[in-house]
Structures are given as C-alpha cells and as structure tokens.
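A, B, C, D, E and F label the chains in the order they appear, each numbered from 1.
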Amino acid sequence: MTSPAVAAYLAERPGIVIPIGATEQHGPDGLIGTDHLCPEAIARRFGARDGVIVAPTLAYGMSQFHLGFAGSISLRPSTLAALIQDLVASLAATGFTRIYFLNGHGGNLAPLRAAIQEFYAARSFAGVTEPCPVHCRVRSWWELDGVDALRKALYGAAEGYHVTPSEVALTLASHPDHIAATDRPAPPPLADMILHGGDNYYDAADFRRRFPDGRVVSDASLATRQHGEDLLALAVDDLAKDFFAFCRSV
Amino acid sequence: MTSPAVAAYLAERPGIVIPIGATEQHGPDGLIGTDHLCPEAIARRFGARDGVIVAPTLAYGMSQFHLGFAGSISLRPSTLAALIQDLVASLAATGFTRIYFLNGHGGNLAPLRAAIQEFYAARSFAGVTEPCPVHCRVRSWWELDGVDALRKALYGAAEGYHVTPSEVALTLASHPDHIAATDRPAPPPLADMILHGGDNYYDAADFRRRFPDGRVVSDASLATRQHGEDLLALAVDDLAKDFFAFCRSV
Amino acid sequence: MTSPAVAAYLAERPGIVIPIGATEQHGPDGLIGTDHLCPEAIARRFGARDGVIVAPTLAYGMSQFHLGFAGSISLRPSTLAALIQDLVASLAATGFTRIYFLNGHGGNLAPLRAAIQEFYAARSFAGVTEPCPVHCRVRSWWELDGVDALRKALYGAAEGYHVTPSEVALTLASHPDHIAATDRPAPPPLADMILHGGDNYYDAADFRRRFPDGRVVSDASLATRQHGEDLLALAVDDLAKDFFAFCRSV
Amino acid sequence: MTSPAVAAYLAERPGIVIPIGATEQHGPDGLIGTDHLCPEAIARRFGARDGVIVAPTLAYGMSQFHLGFAGSISLRPSTLAALIQDLVASLAATGFTRIYFLNGHGGNLAPLRAAIQEFYAARSFAGVTEPCPVHCRVRSWWELDGVDALRKALYGAAEGYHVTPSEVALTLASHPDHIAATDRPAPPPLADMILHGGDNYYDAADFRRRFPDGRVVSDASLATRQHGEDLLALAVDDLAKDFFAFCRSV
Amino acid sequence: MTSPAVAAYLAERPGIVIPIGATEQHGPDGLIGTDHLCPEAIARRFGARDGVIVAPTLAYGMSQFHLGFAGSISLRPSTLAALIQDLVASLAATGFTRIYFLNGHGGNLAPLRAAIQEFYAARSFAGVTEPCPVHCRVRSWWELDGVDALRKALYGAAEGYHVTPSEVALTLASHPDHIAATDRPAPPPLADMILHGGDNYYDAADFRRRFPDGRVVSDASLATRQHGEDLLALAVDDLAKDFFAFCRSV
Amino acid sequence: MTSPAVAAYLAERPGIVIPIGATEQHGPDGLIGTDHLCPEAIARRFGARDGVIVAPTLAYGMSQFHLGFAGSISLRPSTLAALIQDLVASLAATGFTRIYFLNGHGGNLAPLRAAIQEFYAARSFAGVTEPCPVHCRVRSWWELDGVDALRKALYGAAEGYHVTPSEVALTLASHPDHIAATDRPAPPPLADMILHGGDNYYDAADFRRRFPDGRVVSDASLATRQHGEDLLALAVDDLAKDFFAFCRSV
C-alpha cells in the first residue's frame, strides 16, 4: 500500500491487524516458522477478503526456552515488549485507534500484555484524565471460537502444547510446498517427557532435558491438509467477527 | 528468622513462598490492600502451620488502570518485572531452588511471567547446557482447586472481575477489624459498565469511564466472614499440596 | 483503608509515610527483616496515633553485599530506583504532595535519592516552568534527633554499622516473640574484620571475607527490650514533628 | 525449514542472511514496505539459488522522522538495537558464526551498528581473552558494487535520498502487482524542500515541513520494471560474492 | 600517555584517580564549570607531583535542579550511573584494582554510589565466591581533612551549600584568568530563600523559585585567590595520603 | 563562563560546539587521549577566535574493541547514547537550538546518531505537530573539506584507520610536550593484520588478534608537527564555515 491509501483507509476504518508469532524449533518435522506463518496466513486471507490492513508480521517472539535447538531465534521478553510499545505508539501517532494482535505463540502473551499495559501506564502515571482513544486487543488464533471447537474435536489430548496438530495442519494448508504432507513422525512416548501442569518455567537446557525431540505432548502426525483448510476458513470467519466487533466497540 | 536459621532450613527444604499482590482501589468499601492481604494471609497461615518460609509480601503490583482512584499505587510492568528478576536471582544465589509465587492480582501475571522468562533467557542466550536447578511456579490463589470450586459455587457470575466477593470474604476473615462486615453497598447496575470480553486493555481514565465506582461486574455484598474462613482454610490446604508437589518435582 | 477514605484524607492532609527497609542477614542472631521491621514499627505506631496514612512497607532494599549469607534478598540499585520512581509518580498522580520516606537501611540511600532526582529530572529536562507541587523527604530513623542522641548515649562505638544494638533493641520491642531477649552472642573480635573508613564498596564475597559472621563492628548483645521501647517512643515523637513540619513547608 | 535441517546446514556452512528494512511512507506512490521488500527480494532470490538460509525479514526499522505520514511505523533506535542484539545472541547460541545483515533503510544503520558493538562490548568488558568466533557484517543493498554503479548510471542526481528510483524499480520487479508501473507522479519542485547537506536530524514534524509530499530529492518516475530486474540480478550476484567471502574470512 | 606507558605503570601501582564534577550555573559570578574544575585541579596537581594517573575529568554530572539557568547541563541519575559503571568495568578489564573518584558536586553522590553498587551487584547476584579484587572509593574534595578544617575556619556558615566561597576560591587559584578576583557580588538576603534542612529534593523550577539568583546560602564574596592556593595545597596533600592508603589497603 | 554570560550569548547566537572523542590505546606511541584531544583543540581554538561557546569535551567514547590494551576506557554504545540524549535535552531546555558535535572517533558515530534520533523520536511518537526548533549536526573533524583534502594529499593510503598520521600530527601541534616528535616507530608489516573491508565488527580479543600492536594499517611515523599546525588551521576555518552555516539554516 501507499501512504495516501492508508490515509484514505483511516477515514473509513479505525483498525489494523498485526500477526505476531515466533521463529523456533517445531520438532523433527514442523516448520521453524510455524508460529508466525499461522497467524500471518489467517490475517492475510482475512485482510484480502475484507479489505482490512494487515501489518507486516512480527516473525520473532519470546522463545528463550527453545534456544537449545538449531534454528530457534528468540527475543528477550523486555525486547519484545519494547517492540510492541513502539508499534502501538507509532500506530496511535498516525491515526489508528483499534489495534488487534493476532498471536501465534503462547510464549509471547506475557510480554505482549505487559507491553500494552506499559503503553497505557505512561498516560495513567501522568494523570491524563481523558480516556485514551486507542484500544488494543490480543487474541491467539487457536482460541477463536470455531477454531477452538474444531481442534478439540479433531485431536483431543493429542493437541498437546507445542508442535500441535492444529498448527501443523494450518501450515500444511498455507505452505504445502514446505512441509511433508505424509510420513511425518509419530510423537515420542510420553514417558520421555517431564511435564508439570500449570505455570512453570524453564531455561533452554531444561526444556531440552524435558522434551528431547522438541515436541511437547502433541501428536502432529494426525494433522492433514484438509484439517488445515478447515481451520483456516474458520479462523478467517472468527477473526472477521471479532475484529469488526472490536472496531465498533466504545 | 535469622540467617543461620535459613541456612538450616535450606539443608532440609528447597522452597519458599512469595506472596505478591497490589495496592489499589477496591471500590467504595473494599480494602486498598485486598490483593496483597489475601495471598499474604494464605501464605502465612500455611507457613506457620507447615514450617515453610514465606518471604515478605510484595504489596505493590501492576495497577496502572486503577490510578484514577485515590489510594492506588502502581508499578510499571517493567519495574515489577525487574523486581521479580532480582528476587529470583537473589534466592538462586543464596540456595533456594523452588520459588513459588502466590499471586493476588490478575494484572501482575504478565509482568511476573515475563520476568521469570527474562531470568531464564540470560542462561539460554549464553548457551548454558546445564539445566537451571532453580524452578519457579506462579499460582493465583483463586485458581487453587478447592478455592476455585467454592467461589464459583458461592457466587457464580456475581464473582465478577474486581472487588470479587471471594477476595472481600477473605479479608473479612483475615482482617475483620478493618472492613465493615455488614451494610456493604450493592453493586452498581451492569448498564453503567462498558465491559469487553477477553483480552482488552485500558488506561486509568478509560477504566474510570467504564467502571465509575471502581467495581467490575462483581457483587461483594454477598461476601461473609464465614465464606472467608472457608476459602482461607481451603486455600491453605491447596497451597500445601501444590507447594510440596512443586518441591518434589524434578 | 478504602479508596473513598483516602480521598477524604487528602482533602485534609497532603502527606504519606513510606517505610523502606531491607531483607538481609543480621548476623547470627538478628532478624533478617530488621531493616524493614524498624521503620515499619515506628511509622505504624505514629500513623495509628496521629491519623496519618502509612503505605505498605518496602521490605526489599539494596543489599547486594549481603548475598553471601542465606536469607538475604537484594534489589539492584537500578531496580530499587525504578520502584521508588513509580511510587512517587503514583502518589503524585492520585493527589499526594508530601511524600516522606522513613528509611531503615543505609544501602538504600543512594538508589532512593537517585530515584527521586530522576523523577524531578523528567520535569526539568522538559523545561517545565511551574514548580512541582510534590515534595519528597528522606529520613533514616536513626538520624531522628532524639533517637540519635539516645543510641549514642547507650552504645557509643559499640553501635557499629550493621546489626547495631539500636536496631536490635527496636526489634526486641516491636517483635518480642521473634528474637531471643537474652543470650545473644557477643561480637566477634575486631581483629577479624577488615574495615575501611569512609565510602568504600564491596561485592558479597568481599563483604563475607571482611565480616565473616555478618556483623560490622557492632555489639548487639548490649541491646535490651527497654532500650527498644525508649527508642521507639522517641522515634515516633521525632517523626511526628518532622513529618508535620514537612507537610506545612512550602 | 525444520530444526534438524538447520542443524545439518550448520555442519556445512556458518552463515545466515538477515534482511532488515522499514515500514514507512514512500511518497504518493511508493509502497510503504519498500525498504524491507527490497532486501527481502534480493536475499530470498539469493538464498533459493545458492542454498543459503535467509532469516525472516525485519520489516520494522528506525523511521521516527516519517511518523508524520499515515502508514509509517517506527521503532525507537534503542528498541531496534535490542532486537538486533537478541538476534545475534540467539544465532550465536545456536551455532551460527557469520551473520550478514542486508539492509534496506539508511535510518537503521546507526542502531544496527550500535547494537552489534553492544553485543561485543559484553565480552570486552568481561575481559574475555578468546576472540569471539561470531562475526557480523552489515551491507545496504544499494552499496553492493554492481548495484551502486548501475543506479548511478541510470539516475544520477535523480536518485536522491528517499523514494529513490532504484528502490522503486526494484519493487516494480519484485512486486509488480502492488505498484503502478506507469503514470507515477513526477517529483515536487526542489524549491519546496529544505535540505541540508550531511549529517542532520529532524523530528517527524520537521521532516514533513521540509519534504511535504514525503519524497526527498528523488525522481522515482524514472524507474522501470526492467531496471528493477537488472538491479535485482546484480544485487543477487554481488550478495553471493560478498556473503561467501565473509563466510570464508578468518 | 601511551598505552605501553600505562601497562608499565600498572606493574608498579594499582590505582587511578577520576575527577568527577558538573557543568551548572554558579550564580551571577561563579564559573559554570566550578564543580569539575576544582577536583580536576586538585587531581592533576597531585598526579603531576606524585606520578599517579589521573583519568580525563567527568565534566558533566547530575544537575537536574539547575536546568532553570542558562549554561547548566545535566545527566539523568541513571545516565551518570551507567557512565560510572562502564568506567569501572573498563578499568577493571584492563588491570586497575583501586579506583578513586574525587568528586566536586554533591548531586553526583547518590548516582555515583548507586553505580558502584550496581557494578558489584552483578558479581553478587551471580554468586561469585571470590572477592572482587577491584575496589572503589569516593571522596568529595571538601571533605578531605585539611580542606574541611580550613573552609570551616575561613567561612563558617557563609560556606553555604552551592557557590561556596571555598570552591570559588579554588577556581580563583586554578583559573585566575577566567573569574573576577574582586567586585564579586554579595549574596542575596537569606529571606529571599526557601531552604529546608536535610534531605529534600526539587525540580528545576522549584529550585529557581527558592534560590532566584542561583546561590544557596553562601557568600562567595569572601573568597580570595590566596584562600584558593591554600585549599588547593591542602587538598593535594590530603588526597595523596588518602589515595596511597587506599592503594595499600586489602 | 558564568550563567548570565551564557544567557547574554543566547540572545545573540543559537549554537554550541561539543567536542566528542575517546580515551583508547593509540599503538606504541600515540596518546591515549588522541581522539578527544584533536576535536577539543580544534573547537577551542575556533571558540576562542570567533566567540563561540565550546562545551566541556566528552573524553570517553565507544571503544569496546580497544579494551584489550591498557589505558583504554570505553562506554557501552547505549551509555554513550544516553549521555548524548541528556546533553541535547539539557541544551534544548536551556535555550540552545543549534547543537554541533565535532567528533574525533569513528566508533562514536553509530551511538551518537542513534541518540539524536532517540531524542527526536520522543516528539515524533507523541505526535507533536510543531517542528522541533532544536537542530543537531554531527561532523568528524577529518571529514571537514580542507582537512580531508590535506590528509589525503599528505599520507594517501598510509593514513589508515586508527593511529592515523593526521591525528598524530594534530596532537604534535596541540600537545607538543606530551608526544615524541621524532623516532616514532614505523608501522608493523601489513601481513600481520587481518583486516576486512567494510562494515565489520570485533570484540576486544579479536581486535588484538588482528592488530597486535594496536595500529590499523596506518603509518603515523609520517606525521610532523608542521602537518599538525596546517591541519589544525584548516580545521578551524572549515569548522567556522560549517558551524555558522548551520546556525543560519532553517
């Protein structure tokens, strides 16, 4: 797009979608870019269909615990937060008032949310009494209603936490030339993994100790390209509904 | 405790509990300190009962959106994150290997998680190949199993998001002299509130516009001291179970 | 307190007291929390007596040189400074104009002062021409007039620099159940210590080399609970005088 | 790619190319993404042809002076620098030793260089006596030998400083569907611009005052798709030569 | 000096002196550079006489409260602290183990001390068990024994806090061509000033309100060049004693 | 100067010159301070001749790659950038609108430029629509027209990159008592050096491996004091022309 085209868009619509993901190992057969390719594919298909601006994808995320595997690249949480703050501030300065982050990596959520709060904190500490007209919203693509229902129906517990069949299916649909459609390896036995329930944290060496081949309790061998097409279609519809409601909200 | 007493404790047990909360408005009748008084009360009762070290409470949290109300004090997300990193690093340097944060304020979660990841990121970026022996765990007291079940049973949708009856009940039990046990005001009509579902963010002025008396879709007039006693007792038991499992985990 | 109660207070009085201390080893028999328990005890007794708001205690301070002993927890100077800035900014945003820090740990002074200057620097660099209405004051409890005279009279050179008899006496009065009232150990011989006069700095390992049992040229075996009661009473009176003069100052 | 594929690559080759650009206004008819689309196009064509790993493009750069125009998004210099440091540190931690930044935006150079120096400074301050095996190299695509000669031959002074005909030509070749091939507007009269020679700096409002339609002394109406094809082909060859020499260097 | 000459020096002596001051208004007749010219003059005379390395003077300090007057230049406390840390780290990396800061501005003390603690904190947090061989010492020139006695004897209460007669006298001796030796203005009446005892803090506008001509309770019209010569001679002797004792200390 | 004298100057002229250099090894015979002594000498001679204010010299720069040699002192790039931002902000707050950095060390350029952009970014992100009246300009003394021509004419390729004959000549003129005028050592053989063309980066250990005696492809034995006098005279004239044009520019 050109700058005048953006200006014209802003006279009609207040919102933008920013896909945010990661570049990190996805086990023996998943694409390193899976976490940014998924939200990018959804957002771009939605943007092209409905005439909504989609910002360039944030392809690097908070992946410190994957640094024990080749091909992983991580930002520190504080770096990712600074990046997000600058994006929000830039968009606010140039006229956007509804900023929608479509996320593809769970590890991004904490820095992303912290960054948005830091953006608002500057106004709150300054005692500004006029509400900030810029609103932000964060959604991970897998928690969109239709997507969430389908992935649970398709995979149940085999969905797991990392290298999930749903994200692999989505890349099978969006990037069919880059990933083997069949003969993808079955998951390692659960007994090889040391998983804690809930909110626990590891460094890269500990992650590798717990999950030696990089997959976390998931069986991506269940994924098919058709699943991916279905998930993608549902995601685009869900995103449309959610994004436009966000744009209309006060 | 004295320093030699801590050294003796560490020869027996690897873990410590850190209560973390906030100091922020809790509507017309809730205590400003509610969010740190609750995890503190639970942790101290547990520590005294089971001989576990409880660190001094982190009474200030990430409350930027409450700065439109007198008595609120906030840290920026980045400040809270720095604080957490230093605590974890100090405890790691002096021999603790299981650090359990018992949280009392939802707004803390993102900076808290980001901080722990930043702590581990230093090792991961440095390429350290030995797993970090220090583990961290984050739990908000209301998500402990028994507590969660009881608060849902007692209050249902009236639990709301801020100035919840469960937290008010807990302060009625832990600080009975500081909060009126009866004649606490009913909640404002829902129609006065502009609430969005999900992951949205506001500055302080916007929060006040949306929630003019500071309460968010909750009816704390339902809270009783007996509820608080019950919640507290369940929380201590749940915490004990979760903490000792965490200490034993590998 | 509730938020409306704070608002009512602010209509009458501009000031608040913030106790700030540390959590660090205090030799073989002193409480790890001594440095925050002392200003907290003084501030709370004063607040309760004279109806002045006392903020939650800052229990963690700048104690890096104590990290060679179990139970010590430290903030980096920059973290403590960020924390202080946020507190001052929060209080300024919500209507306080006289902020009084009652300090209990010498190591906090540099970061604390630097933080307040950083707060004002933002206005000065921006060229704001209206004087900032928010004033800050820093006092360590032992330099309050009456306290200072009494501790010198009671202990002379045995007061020393760390684990002082005056602070131990104060905890004997404020927390009698937590510290042995008698049979506290005599200080190690001075010859065991490598002390430099004046403004010198060490890391934790060097501190431990110089002061192997954690005490620095002090003899806390002289402390009695009655001393503590006397010091506490004097401190409350001194604080009252100093705080109200600060509130009235222009 | 998958993580095992990267590991296999690293056994053969030490190097990676990272395209880095910006998302900023390019006058009335240039693409907002021009500055990242150009190095991305060059790097990807090179990578595909010669089997070299190309990292995901850094699409956001240091564009603060363009924030007066819709569609511009900027990072602060310090944010961009943090981002670069994390990328370099990640790649170093996972086995890359030759990191080649192919740059597409002049405003990135200072933060990019500062970031790399900051990465090395950590080792130098620590007194590490073993030379760091990781080398970094920075090249802007227009300074590659063949490219530089051709753009000067084609456009001379009309190349200008921003919205240059060479970069527009390159996007005509790489993204023919996104930019009008003809009827692109002629440049505004030079008399409308306030340009200083050399190393001067502006904020966004001043930039807009100086260059009201966003173009800086350039005439992109000279650009043709064929020029773009020629520039792209030369750039790929130049990059190959430079990259492989860098990989072999000691 | 050359680098080999420094290497030779380090084989003999471990220490270096760093003069640190400020560039800030000194009332109607004092030199803007007074605060860095004084420690520089003392240190250089000492260095030349006794063969001790004196680092380039840090001429900018923490002077935010003087920014209401032309000619003042300030660093934020955090910037000054970063600067000090880098100096200490550089000197430590290249072989110095006794670093002596000779200070000329009270406002520098908090950031300077905080910075040195931050330097040591890195080791302490990392749990390094070997004492850091690098020691730092901070002295303000006016607290050197002989200097302190003489300035009190000469000026008593007229010494004041800023634009003191002792510092003006010292510049009369060190820079006789740059400051009028006679007819310097008498101080403004005390009644014009709003001074609080003790540890209080202002922004620039408030400082100017309190001290309209920039001087703080001092009468520099008492200063003479001979006083300056005497102070300078005493300071050099005092510094020599203190510095060499510091170099010998363990 | 006094503060009132600066105020009077500002009524006439908007500009100031800030010499910025480094303190780093200059081979076996060059002065450690060469990089700050050169711009200081030029700026001071110019200031004295033409009545222009010259700020105190920034004697420490970004020299991390020289930390393998005794006598080198470096700032991290981020520290230097913070320093520059504070200087610019201070001067802007007190009335200067044309800030001219005269640089003497190539390694400073990236942090210096990044810092100035960071200063402007604050306004641009805030959406300020009035152009900032404060302009900054960066020039390295060797790129001033007359100087550049002469040094190329005198030394050709022997000028090299570090410990250049032109800078050594300049110190021979400005500090004749501090550097040997004759018998300075010839350069080491080129074969001892591992130099890459272009934009490459090293840590200190790698620099020392590449350039064992600290000189980089330069032959300072060609320098004479007369060269230095000529270079200095040309530099002063060039600076005058450039500075006054900058002051007049809009």
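Quick note on the criterion: contacts are C-beta pairs under 8 Å (C-beta built on N, C-alpha and C of every residue); 3 or more make two chains touch, one makes a residue touch a chain.
From a predicted model like this one, the values you see are computed outputs, not experimental measurements.
Counting hops only between chains that touch, chain B reaches chain D in a minimum of 1. Path length between chain A and chain E in the chain contact graph, taken as the least number of steps between touching chains: 2. Any chain that touches chain C and also touches chain D is listed here: A, B, E, F.
Rotation angle, chain A onto chain D, C-alpha superposition: 180 degrees, expressed as a multiple of 5. Greatest Cα centroid separation from chain C: this falls to D.
With each centre defined as the average position of its C-alpha atoms, the distance from chain A to chain F rounds to 46 Å. Averaged C-alpha coordinates put the centre of chain E at 26 Å from the centre of chain F. Note: centroid distance chain C to chain E, computed from Cα atoms, is 27 Å. Shared interface positions of chain B, i.e. residues touching 2 or more other chains, are given as 67, 74, 76, 78, 86, 90, 93, 124-125, 127, 204.
Chain contacts in this assembly follow no simple pattern; the graph is neither a line, a ring, a star nor complete.
Each chain pair that touches appears in this list: A-B, A-C, A-D, A-F, B-C, B-D, B-E, C-E, C-F, D-E, D-F, E-F.
By the touch criterion given at the top, residues 1-7, 10, 23, 25-33, 36, 55-57, 59-60, 67, 69-76, 78-79, 82-83, 85-87, 90-91, 93-95, 178, 204, 214 of chain A touch chain D in their complex.
Remark: chain F residues 124-127 touch chain A in the complex. Looking at the complex, you find that chain B touches chain A at residues 62, 64-65, 67-68, 74, 76-78, 81, 107, 109-118, 120-121, 123-125, 127-132, 135-139, 194, 196, 198-206, 209, 246, 249-250.
On the chain C side of its complex with chain A, the touching residues are 86, 89-90, 92-93.
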